[in-house]
Amino acid sequence: MSREEPLSTRQLRVGIIGAGRIGKVHAETLAFRLPEARTLAIADVNREAAQAVAARCGIPVVTESSAEIFANPEIAAVLICSSTNTHADLIIQAAQAGKHIFCEKPIAHSLSQIDAALAAVEQAGVKLQIGFNRRFDANFARVRQAVESGEIGTPRIMHIVSRDPAPPPISYIRVSGGMFMDMTIHDFDMARFLIGDEVEEVYTAGAVMVDPEIGEAGDLDTALIVLRFRNGVIGTIDNSRQAAYGYDQRVEILGSRGSIATENRYPNQAVVSTATEVRKDLPLNFFMDRYTESYAGEVRAFVRAVCEDRPTPVAGADGRVAVVMGLAARKSYDEHRPVRLDELTDRARSEGQAP
Amino acid sequence: MSREEPLSTRQLRVGIIGAGRIGKVHAETLAFRLPEARTLAIADVNREAAQAVAARCGIPVVTESSAEIFANPEIAAVLICSSTNTHADLIIQAAQAGKHIFCEKPIAHSLSQIDAALAAVEQAGVKLQIGFNRRFDANFARVRQAVESGEIGTPRIMHIVSRDPAPPPISYIRVSGGMFMDMTIHDFDMARFLIGDEVEEVYTAGAVMVDPEIGEAGDLDTALIVLRFRNGVIGTIDNSRQAAYGYDQRVEILGSRGSIATENRYPNQAVVSTATEVRKDLPLNFFMDRYTESYAGEVRAFVRAVCEDRPTPVAGADGRVAVVMGLAARKSYDEHRPVRLDELTDRARSEGQAP
Amino acid sequence: MSREEPLSTRQLRVGIIGAGRIGKVHAETLAFRLPEARTLAIADVNREAAQAVAARCGIPVVTESSAEIFANPEIAAVLICSSTNTHADLIIQAAQAGKHIFCEKPIAHSLSQIDAALAAVEQAGVKLQIGFNRRFDANFARVRQAVESGEIGTPRIMHIVSRDPAPPPISYIRVSGGMFMDMTIHDFDMARFLIGDEVEEVYTAGAVMVDPEIGEAGDLDTALIVLRFRNGVIGTIDNSRQAAYGYDQRVEILGSRGSIATENRYPNQAVVSTATEVRKDLPLNFFMDRYTESYAGEVRAFVRAVCEDRPTPVAGADGRVAVVMGLAARKSYDEHRPVRLDELTDRARSEGQAP
Amino acid sequence: MSREEPLSTRQLRVGIIGAGRIGKVHAETLAFRLPEARTLAIADVNREAAQAVAARCGIPVVTESSAEIFANPEIAAVLICSSTNTHADLIIQAAQAGKHIFCEKPIAHSLSQIDAALAAVEQAGVKLQIGFNRRFDANFARVRQAVESGEIGTPRIMHIVSRDPAPPPISYIRVSGGMFMDMTIHDFDMARFLIGDEVEEVYTAGAVMVDPEIGEAGDLDTALIVLRFRNGVIGTIDNSRQAAYGYDQRVEILGSRGSIATENRYPNQAVVSTATEVRKDLPLNFFMDRYTESYAGEVRAFVRAVCEDRPTPVAGADGRVAVVMGLAARKSYDEHRPVRLDELTDRARSEGQAP
């Protein structure tokens, strides 16, 4: 009995666009952890990268052209793992080809592109899931559960700490859309996910403290963002492009009946006591290590949503709101005042187009 | 050999004004932990309260009149532990009587009163220490040491969490000057103490979530205050009048070389594991328990500063700045915008008077 | 390109005997995490179980007969995952067929059977690794590293806590060889691994506290075993068949320059504070969850040892010593006195046979 | 109103014998924390030491002679804080003088001396409390509470870790009665206190690892002692004369419904994260710091027991049992076998005298 035979008639046939770091992670999840899915093809302009992933994961077709994947009638769903600037166009093409879509975040840096992509998805009636993997992390899911179940009562204050071990190359920062778009985007989504409500206003205190070159490239590297939710909850996001001790990812929520707070994850649980200190090893330093299970979780959820014809757990609208929040946070920083999210969306509306 | 004989010619003779909760704590410190000081008299309009403290602490003279203490030529220093509205006047009288002064926070709610008191102190050439006891807490002192010594490099982000177990009576809130003046005042001082620099701007996101009566009394019960320091550090203060699990007092600072964060203090270090959870008892719930040592520490520091003719560790100016920060935080909340501290002090100057 | 084609000429061809819980785990590791190996066949008297594993892991041949696997000339190595009473015979058959062998612990309950199996392995010149997976756990590996590197100086005292969530069925206890053989066997190996030296004497304090039926079946369910190593280190193993809060697996070593201690692993790092307690969720409760990575690690190490023709990290002799320790611990309990390990091995020798 | 006047007619008049480290601690507790007691006299052959304590604590009479204290009819109770070799005689003298007695541990090194002292106490009908202060430590009291209340169900396994930062001088070890008598004595009492039952058998694995001179002086410096209680609980005591990281004092109990474990106490709750590690400062290193509150607690309990005519919380018999355990632990080490406590007491009985 060989692995090539279908395990079930409901096995989802998938194509992957982009064989970079995250494309490889998703390909492995599909190959080794999701018997209910099977990857038929992988596309990357870097053919060698695609071939390496295909070899490791048993993907039969390798191509340089995403069009080939959209044209393949056997493929029911695609995972868009290419660079951000291609996301919106690929979503439109995929939707027009009738494929269900999993797309990495952010959808695009401009709301007009996002709205065009979401319109195409709606018109085609396909499913779309945005890659906010952290919702599937055991820690954040536990916090959400505490809020949802009433374990800590009515939420009042929320804090997210999200710090990277070290800044990305300046070349990346120049095209990434800036810290709010490439990094805080996860925290914007996390805030909404944890509280289960929409943010209506943000205020940003930001600075360049890590590397002056980041400032010269027009970006920040350190920020505190105050959020005010519709339901009255207030909260902060703490971002730094650099934390000497590694990847720092924590949240804390105070509610009327108690609080919940998460700690970082560690490679081991050993404590060493010496003549000078009581110490432990540094926390998991790399987002791939810290969030391994959440990457698998989001793809599993996508596959199941498609197979069982249920809504995806992270909708296109979620992807859009996070970008609006990023734009508002930047506007607050530029104008040194609290900014309401509807300032961005209303302006779009009054001008007869998305901004 | 009796305790009534002087232990040393440098033993400081002290008078205490106010025999309430904090007056009693300071009297005990002077009686039982500071052989270099001796309390000669205690004054309170509630004579019974003063008598009880005197009996416990071996204080020979009990009076209802603070004037009697100021008039006593044997007394070199006074501790002002009466209600806030009396502080400024008592400082002025004490200074005019040539007494060194330890005064509980805040000095007053208005800058003009504070400035009058500080002027009297300066003119008299006496020492003044403000009761920001938390600077003497082992946890916060350790954090300050980490900043000062460079252990965590250059500070970048600071967080203070300061939550009370339960709100005070509405009657107290009506006269306390509000949360920023009766509670956050400690955090404003802590922020300056930890970073070792001045705040130049604040932004407040506040709310009434604990009790609508607090709002009706014109106050907040929940707030996030963003601070921006002159040296570029940004930070937050998280305040709540109510935390179900008790008194929550933590700080965290991110620096260029690492971070330092403190946890709450607990009555014991026992961990119980059962079929449903792994748990420990609640943290120390009462500020008197949590800050016991810091109350002793501040009085010890005052006595030593006077005996050794050195500056007090918490100056009158420190007391003034904390009030300015409280006023600015409230103004930010009222006007829904970031407020620079010099808006308050400049206005005072341009109007030819303190506000 | 299909997964069925060889990835490398050094890819190790493997057969698995036993499709139960642990056989399935190893099959998944070989299929999804070790491109350098490929499973050609799986055998189980329960054909359905073998078929299910084969389907999930892409194993082409399913059989009820281990002999078929030994006879397959393409297969270079076997994993023996069947019940303990079959281990020694299967090792002998595998060795005679020239296969390298990975065998679950314990090898057998009697030293004569073990010695026969080890003799067959030696004669055939094949490699043998015993399934002491915990050596590959990140926590225990970190402790071993602290000892080996001198981080904590010369070891002096060692503690192992090893408690199961709940006792196995009485039917299992009757055939398992007893707690020392089915459960403590891991701790005996861990003690030698961590300290890097041999135990020369044991003393057992044991009891039946969990379930009287366990005592009626001739076994213990609670034990403290004192170990004395040749290098002078003294230590304890703490075993219980039942811990209300779940699977409890910790070690602690005191050395001349410090100590190292490990904590349990938890499904999340969330701490909930309520009006009654500060709590977290229970630790990982199932050995499959707690030791997931260590199961993969031991199979990876075996495959690499075979491919690179190096000694396996857990030798047959290691499997034998752990059984000797188990026999000595039981003898100590029965005779209520410290027992030297050489009492067991010398007796064997003096009687001209293994005991 | 002066401190010299009686606060209450029930104020207990006390004399202290011994003005060394622990005598000073108790004098301070009586002076500053216990208004219901008053120290009238302190005796020490070192008059200067006694004078210093008297000056600090307002004790009117200083003497070199304990007889003077026993002869003082105003004194109702004495605290015996002199060296161990004087305890038994002083207890007898105090009892004969009709004084209630608080005596530091151990009562004596020989059971015959102890029995003579206890007989005198019984004959005189005075109260006796032995200085097992750790029972009054918040951590150990919490553990006892968990056992007593059934919070962790029926106890099954107990562990005590009790390690000193560094060994005492060899000169002290030569007269202290050895580690079991000067250090483990606390742990023997703690074991009985926590479990609430008697130990019937001990087994000792001991070694000299810290300093060969300790071995030459006839003592051990490292030990694991297995305890078996009458109620079936089994446990261990882990002792080391040296722990590089400081004073290590922990206990853990497994019961049928859960476990409770205590951690060390720390001078602060700060955690520092750097590029190399996550660390905290060392635990409280000195027994005076770690057990401050428990020293006050035991004296408070003694004073109240006398004032309210209730039994003392730590009886003379408790002091005797701990010594029997120490003798049994040593005998087990010498004879390399488990030793029942009644071997020591029966031998005494059969020989017609205490050993």
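Quick notes on this structure:
The chains carry the letters A, B, C and D, assigned in the order they are written, with residues numbered from 1 in each.
Definition applied: contacts are C-beta pairs under 8 Å (C-beta built on N, C-alpha and C of every residue); 3 or more make two chains touch, one makes a residue touch a chain.
Nothing here was measured: the structure is a model prediction, and the numbers come from that model.
Under the contact definition, chain A and chain B share the contacting chains C, D.
Per-chain Cα centroids separate chain A from chain D by 59 Å.
Per-chain Cα centroids separate chain B from chain D by 40 Å.
Centroids of chain C and chain D (each the mean of its C-alpha atoms) stand 44 Å apart. Touching of two or more other chains is recorded for residues 243-245, 257-259, 273-275, 281 of chain C.
Chain contacts in this assembly form a complete graph, since each chain touches every other chain.
Touching chain A in their complex are the following residues of chain C: 1-4, 7, 31-33, 35, 51, 54-60, 62, 138-139, 141-143, 146, 151-152, 257-265, 267-275, 281.
Residues 243-245, 273-283 of chain D are the ones that touch chain A when the two sit in their complex.
Across the complex, chain D meets chain C through its residues 153-154, 156-157, 159, 163, 203, 205-207, 209-210, 222-224, 226, 228, 232, 234-236, 238, 240, 242-245, 248, 254-259, 336-338.
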